[in-house]
Amino acid sequence: MTQIPIDVPEGDEPGSRVPAAPDAAATPVEEQLRRLEAIVQKLESEAVSLDESIALFEEGVELAVAVRRRLEVSEGRIKRIVERSEGLFSLEDFDLE
Amino acid sequence: MNRAAGLGHPAPAETPVVMSVSELVFRASSALVAEFGTVGVEGEVSSFHHHRPSGHMYWTLKDRASEVRCVMFRLDNERLAFPLEEGMHVVVVARPTIYRARGQFQLEVTQVVPRGLGALYLQFEALKRRLGEEGLFDPARKRSLPFWPVSIGVVTSAEGAALRDMVSVVLRRAPATRILLKPVAVQGREAAPEIARAVRWFARHRVAEVVIVGRGGGSLEDLWAFNEEIVVRAIADSPVPVVSAVGHETDTTLADYAADLRAPTPSAAGEHVVPETREIARGVVHQFRRLARAVERQRLRRLEEALAPIRRYGFRRVRDRAHEARQRWAEAAGDMGPVVRRRMAAERARMEEAAAGLSAPVAGRLAGAERTLGRAPELGRGLSRRHERVHVRARHLEERLRAASPYSILERGYAVVTDVRGHVVQRAGALAEDDDLAIRFARGSVAARVTRIEDEEER
Amino acid sequence: MTQIPIDVPEGDEPGSRVPAAPDAAATPVEEQLRRLEAIVQKLESEAVSLDESIALFEEGVELAVAVRRRLEVSEGRIKRIVERSEGLFSLEDFDLE
Amino acid sequence: MTQIPIDVPEGDEPGSRVPAAPDAAATPVEEQLRRLEAIVQKLESEAVSLDESIALFEEGVELAVAVRRRLEVSEGRIKRIVERSEGLFSLEDFDLE
Amino acid sequence: MTQIPIDVPEGDEPGSRVPAAPDAAATPVEEQLRRLEAIVQKLESEAVSLDESIALFEEGVELAVAVRRRLEVSEGRIKRIVERSEGLFSLEDFDLE
Amino acid sequence: MTQIPIDVPEGDEPGSRVPAAPDAAATPVEEQLRRLEAIVQKLESEAVSLDESIALFEEGVELAVAVRRRLEVSEGRIKRIVERSEGLFSLEDFDLE
Amino acid sequence: MTQIPIDVPEGDEPGSRVPAAPDAAATPVEEQLRRLEAIVQKLESEAVSLDESIALFEEGVELAVAVRRRLEVSEGRIKRIVERSEGLFSLEDFDLE
């Protein structure tokens, strides 16, 4: 996957670029989501070529898939915690199950 | 007047001392006291007056020749053994003085004795003074009476009313008291030795905790045994406390002075010697009840002290603490779920929203590109139109060219002659013989040569 | 019975303690009564421990009983002392007529 | 029952702690009451944890029960003494004499 | 279970962090509750990553379960003390029963 | 697609020359498309000679072919990305299939 | 062949003479056609001598031939372009074949 530097739309400072995505596992989901959102905003701006947009799309999809996978992992963790909570919580409380 | 005139005369022998009236009265009074001291004076009582508001007594003592004013102050006349009456013959014990306010000579009476007893009285006074000086009557010598004696010794006549009075009072007040009687003669010659002996007997045997010595009232002579030295000494020496009860209230004997307590009458002695045990009994019952009440109150107080803290909020607070902890727990535990749930939902929504935003721009760009690409056929349209136009125009021009061809006249049999340079030959004169010519017909052309010139210009 | 020193409530002087009750029989009644009164007062004051109060109560009751016994008429009679030889004497009943 | 040292609230001196309750039978009721009071004060103060307060509560209840039992025993003793002596102290006996 | 240091919201001093939970049995329930509440507050603040928040949730649930168990034990203790109080307290007083 | 103010050079004349196509591979599709569109417009204007228009046509065809090829590549890429998106996207989103 | 200056009839501009035919290959077909038209018009007017008209005609024929040849060349080019257009165009589009 090629990294295209994206200008974060809100950032006015020239240096406020989305940092290149580091090792996915080590990155907080939030950062991945921020990058994902930055990609979306970049995509929505006119200044991107088709090729760039596809590259962004590819990165975005990878990020989204990674985020989804991590959210599923998180849900699994929550499930286990809930199951060990001795009735304190039910899976319905978390829209799980 | 005379005195005033007398004063006016010069004193012949010595100069009289001038002094104030008070000074004179004072000095005269002092001189009287120094001269007489206390004396006994015999006479008849007249003009007796007991001044009630002050309690002092005033009378005149007189004999055949003289009279003198007497005053007996309340403190002294209270101890009078008999009532003073008009016309009584008495001996008064008094100090001659001058009443300062009036400058009047008078006797200050301390004691009054009926005339016949004067000698006895003086003897009494002398013995009293001697024994008193010896210390027999010292208050320090007096022993206190037992509070509640078990046995009481009584020294008196077995027959008199005094014994009956005493016993009845004692047994009424303290029924459990044992009364030990030592009967004695209380008047006459044997009386004093018997009384003294009885007192000593009790002192020796210690069978009673207190001894009452006494008799009923009587004349000074009747009571005289109690003024005898032997009796007084026995009483004073007794280690057992002695109560004297001689005669009436007004009768004072030396025995009374020596006794540890002087009771005015035998009945009074009975009252002094024993307590009212009924009251003690009542007191003890009362104390018993107080004890029972107090100990119960103490117990109840402890019980209350034990229960009061239990009733205080502190103990209920355990419950509140537990409830509070429970509530805090419930709140915190309850809050956790929704927070995490919201969080997860938010992240999921964010992810989905972002993901949803990914495809459209790409699709839009792709579609835009396709759309633009879709205009490519227009390339052909423009070209083909132009090509067509050029083509048509070319054809058209060709037609017109063909139509305008100068050679079209040749169709009618004309031919065009051109010289070697290609110029149309319009005049024969322009040619020379042997010039090469080209002749163009409607169809085809030929090469020719000038063989002869026929100049038409000359025609 | 144990003796508890009692502070007489009114007495201000340090030495004004109720003297320890000696053998009841030998003690003058007066003293027994005084001690009884002191005990009652002490007991009625607040400053007594429960154990003390019970001990005081017991002592007080004993004292009251002792005093009460003295009130019982055993031989409330008048005796006439009749002297014999050599200092001997006898007691004879004596009746007042 | 565990003993928790209690700071007696009024006492400012550092050493004024309620002494650990010794053998109940040997302890004067007053000391038990003092401890009870200290316990309730401690319970009313803020500085007690739930566990501590339950331990204090337990101790307090045990103390109160023990004190009440002791007072009941005392009551019996007093009653017996009073009953034994009552015959001696009826006023009528004296009034009749 | 991983421990995430939590800033106690009230504490301004930099050192006022919730101490890592020590041996559960030795910790007062109050401290566990405070930690639980700190976890909830931390969870409610935005400044926590998802992974952190799940770790906090896990810790929180464990704490909540532990605290519940202790509260039940405490309530049981109170009940037994009340029952043994020989009528000094009633279960109704304590909303137990 | 809306009009992109592209390489219409600064010159005001509408008939200004289409800039020569740069190296195709390095050129963004958008530029090629813009050129294509310019060529189309140029072709439709009268001011072009046949030879020029043939040249333009030739260039336009070449461009269209190249663009088409590139779009096919892009679509292929998108297809692969979509297929790897684990159901997050479908080809319909792109009118592909 | 001598060049005869021809007045172009349609030309409004006073100086719009038919320009001397430049090198045929370099001259746009349109210019050749324009010259041809000028020639035809000249020829169609009466004011031309036979000699001139023959010269014009010769030139016109030459031009016409050249135009036809060039059109053939153009068609060949278009044909080749169309054939290389990968189906984007067909020869029918151009009335070729």
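Read from first to last, the chains carry the letters A, B, C, D, E, F and G; within each, the first residue is number 1.
Criterion: a contact is a pair of C-beta atoms (placed from the backbone, for glycine too) under 8 Å apart; a residue touches a chain by one contact, two chains touch by 3 or more.
These figures come from a predicted structure and were not determined experimentally.
Both chain C and chain E are touched by B, D.
Centroid distances from chain D, each centroid being the mean of CA atoms, peak for G.
Nearest to the common centre of all protein CA atoms is the CA centroid of chain E. Averaging C-alpha coordinates per chain places the centre of chain A 34 Å away from that of chain E. With centres taken as mean Cα positions, chain F sits 104 Å from chain B. With each centre defined as the average position of its C-alpha atoms, the distance from chain A to chain F rounds to 33 Å.
Between chain B and chain C the centroid-to-centroid distance comes to 38 Å (mean Cα coordinates, whole Å).
Residue numbers of chain B whose C-beta contacts span two or more other chains: 175, 281, 284, 288, 292, 295, 299, 302, 307, 310, 315, 318, 322, 325, 333, 336, 340, 344, 347, 355, 358-359, 362, 366, 369, 376, 379-380, 383, 387, 390. Of all residues in chain A, those touching 2 or more other chains are 29-30, 50, 54, 57, 61, 64, 68, 71, 74, 78, 88-89, listed in ascending order.
Pairwise, the chains that make contact are A-B, A-E, A-F, B-C, B-D, B-E, B-F, B-G, C-D, D-E, F-G.
The part of chain D that touches chain C in the complex is made up of residues 28-30, 70-71, 74, 77-78, 81-82, 85, 88-89, 94, 97. Listed in rising order, the residues of chain C touching chain D in the complex are 49-51, 54, 57-58, 61, 64-65, 68, 71, 73. Put simply, chain B touches chain G in their complex at residues 376-377, 379-380, 383-384, 387-388, 390-391, 393-394, 397-398, 400-401, 403-407, 416, 418, 422-424, 426. Residue ranges of chain B in contact with chain E, taken from their complex: 307, 310, 315-316, 318-319, 322-323, 325-326, 328-329, 332-333, 335-336, 339-340, 343-344, 347. Put simply, chain B touches chain A in their complex at residues 333, 336-338, 340-341, 344-345, 347-348, 350-351, 354-355, 357-359, 361-362, 365-366, 369.
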